[in-house]
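Attaching a single structure in structure tokens format; questions to follow.
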Amino acid sequence: MESGRLEAFSDGVFAVAITLLALNLAVPGPGHGPLGEQLVHHWPVFAAYVVSFLTIGIIWVNHHALFRNFARIDRPLLFFNLLLLFFIVSIPFATATIADYLSRSGPDAALASAIYQGVFLGMSLSFGALLWWSIRREHLRTPLTGTSARWAFIRFAGGNVVYAAAIGVAFLSPLASLIVSGLVAVYYVFEHTPAQAQGPAGKSEAPSGPEPYDR
Amino acid sequence: MESGRLEAFSDGVFAVAITLLALNLAVPGPGHGPLGEQLVHHWPVFAAYVVSFLTIGIIWVNHHALFRNFARIDRPLLFFNLLLLFFIVSIPFATATIADYLSRSGPDAALASAIYQGVFLGMSLSFGALLWWSIRREHLRTPLTGTSARWAFIRFAGGNVVYAAAIGVAFLSPLASLIVSGLVAVYYVFEHTPAQAQGPAGKSEAPSGPEPYDR
Amino acid sequence: MESGRLEAFSDGVFAVAITLLALNLAVPGPGHGPLGEQLVHHWPVFAAYVVSFLTIGIIWVNHHALFRNFARIDRPLLFFNLLLLFFIVSIPFATATIADYLSRSGPDAALASAIYQGVFLGMSLSFGALLWWSIRREHLRTPLTGTSARWAFIRFAGGNVVYAAAIGVAFLSPLASLIVSGLVAVYYVFEHTPAQAQGPAGKSEAPSGPEPYDR
Amino acid sequence: MESGRLEAFSDGVFAVAITLLALNLAVPGPGHGPLGEQLVHHWPVFAAYVVSFLTIGIIWVNHHALFRNFARIDRPLLFFNLLLLFFIVSIPFATATIADYLSRSGPDAALASAIYQGVFLGMSLSFGALLWWSIRREHLRTPLTGTSARWAFIRFAGGNVVYAAAIGVAFLSPLASLIVSGLVAVYYVFEHTPAQAQGPAGKSEAPSGPEPYDR
């Protein structure tokens, strides 16, 4: 399968990025007060870690579903994928930055949150570009019909709109913006629209299967 | 094979997590006393490294055995697997924390040990969820019969009970709780029950083979 | 496919190296002035990150295209590939060094830039060695004819000449040399010569296809 | 292919370990004297990096050659492989330690060098255990005959003897012991015995091929 190496490289980047997130978790250690207090003061680090882990995990699941349906890979897809990976690779940095500033107030916390949401927006837009190009150039094994293509777009547009809104929310309340992106991730865990079952994640061999990852 | 990419991503996470463990090993270096003394004072780091390495290694072997027997992957399996990876990714952090506090006494050492055992318990419970879902939804190529399913559950329940007990032991003796989790890992290296040979690791092509990893 | 494991190992190294680049991005954090100012002062880090990310991404795309066309792997290819990976692995170090010195002037900035361009030159020469060996020993599935082989060499020689020139430029203006290597990467993103379509990236099954990555 | 996931996991560990080596390369940076002087004082870091990179690269090539010839994987092989990976994962730590102490003299430098060579010896012995088990249990596709098995053992025993000797040399001259392990790596790059061509790296499909990696 020709897309094999592209997926292997992407999986490597997803796997390293999701694991590097945990490098941030380290507490200051002995001599900096009781461990319990250190952990409590460290809550923004853990909160940002959970949201970022879930977000990378979800986008990997979506990436997996999209590429399973690819009939061919062309050069623009390689570069749209590279753009997506650019934002994935930036997530540990954005996570560390928001974790550093989340418990503070003022413009620094807002800026750190806006960067975090901006990286998510970039990731989401790149994924949309992958999807748009694959539909436009008919790279999909199970072509999306008008309705399901529209559904797929509405779903991705929805994610983009929420991330863009979260950049605005960041300037009102950094914590609220983190919660918003956490909810986006949780939503995609449980969301299971017909468009997805028949759309990019659907398989031509089992177009009516209730679960898109069934073999 | 449809589960290929899920395994490739999981293998990447396992590989990065197990290798990042070693980032902790660094000694302070020149100017902090004789190297021999630094290494001796560093013993909790090495002890925790060995236990965590073995534990990730064993869970990878079990993951490998379970997924070899998967006939199909559905969306809940993807998310149970993501939950498992969440705990795997947290192991380097938990290892660094217990290593920092193991040679001290008092509530900080107990808390650090309890976190360490808690991460292992979370990992073990997630793995149990993967197993439970795959049996319940009949995703396995070689279905587990009543007896072997019961055996498989007893084995996993056993691991969970020991990790839960080790959380309690952590408050009595952090070192004892580390030893307990080390023994769990060593036990799974040598353990080789009939349930395992015929159970999740067994192959339909060679159900009577004495070694579950034979091709 | 015999080259599978070589590609898997190489993909792993590419993926880790490209992701480690982002470890550099961390800003000093709270207590070091407004975040906005920290980010502005941090511009060399971001500029070097973008150039290095693009460069590793491009060389991965080229590696992918070359190995797709390999009919067989011999021991010298394994070691030329190892040499290429040696330079890839050095890129995060070279990137961190140029980022540290880019906004300064004088011989240190020039030296840091020359090291950066030198690592890129080493990478490019190693890739050329892979290409040269594969053509000379007729390892390619679609042999390069005189014209397309000449084209392929001109392209790679071009990259090498520019990187060598950038080492010289580094002593005049470190920033200009960074821009040069950024332009090389951008050029390879958009460049799409006939030699490439029919050359190392071409497939015997689809020799006239307009896009070398089509299946 | 059943050994696929074992190789994928191992490749991941090799790839992460070889890339993490470069994290050590970072120089102190601005404010610590001219960059040229920092780099010159940093020579042990670069020397140890080159030797460790080559050593991991070579052992990966040998691992690749051995596993290509595996007809089946059993549980002991999984654990011998895990033991090998344990030493591979320890190499970045051992490399950082020897780099810290190489330019000093006295017992600390000797100890750091002995640890470095000890990790290489452990790696080499684990690899020997993999080879021994695979021959004894007849896991190889092209069984090693008496002569080629003896050759293969002599080669691996040779590496072990040299690493063991290098531990001794470490107490006389740390630098000499580093050079010894560098020479071992260079030797394996160029070494190409008949035993290897027909032995573990040979293919049953092409037993007389002059190059073991030919397809």
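Labels A, B, C and D are assigned to the chains in the order they are written; within every chain, residues are numbered from 1.
The working rule: contacts are C-beta pairs under 8 Å (C-beta built on N, C-alpha and C of every residue); 3 or more make two chains touch, one makes a residue touch a chain.
Note that the coordinates shown come from a computational prediction; the quantities given were computed from them, not determined experimentally.
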{"item": "Set of chains adjacent to subunit A and to subunit D", "value": "B, C"}
{"item": "Self-contact between copies subunit B and subunit D, residue sets same or different by half", "value": "different"}
{"item": "Chain separated most widely from subunit D, comparing mean CA positions", "value": "A"}
{"item": "Rotation angle (°) superposing Cα atoms of subunit A on subunit B, nearest 5", "value": "90"}
{"item": "Separation of subunit A from subunit C, taking each centre as the mean of its C-alpha atoms, in whole Å", "value": "27"}
{"item": "Separation of mean Cα positions, subunit C and subunit B [Å, integer]", "value": "38"}
{"item": "Per-residue overlap in subunit D, given as positions that touch at least 2 other chains", "value": "8, 11-12, 15-16, 20, 23"}
{"item": "Residue numbers on subunit C that touch subunit D, as the complex places them", "value": "2-3, 5-6, 8-9, 11-13, 15-17, 20, 23, 71-75, 77-79, 82, 85-86, 89-90, 92-93, 96-97, 100-101, 104, 107-108, 111-112"}
{"item": "Subunit C residues touching subunit A - in the complex, by the definition given at the top", "value": "7-8, 11-12, 14-16, 18-23, 25-27, 29-30, 34-36, 39, 53, 57, 60-61, 64, 67-68, 189, 192, 211-215"}
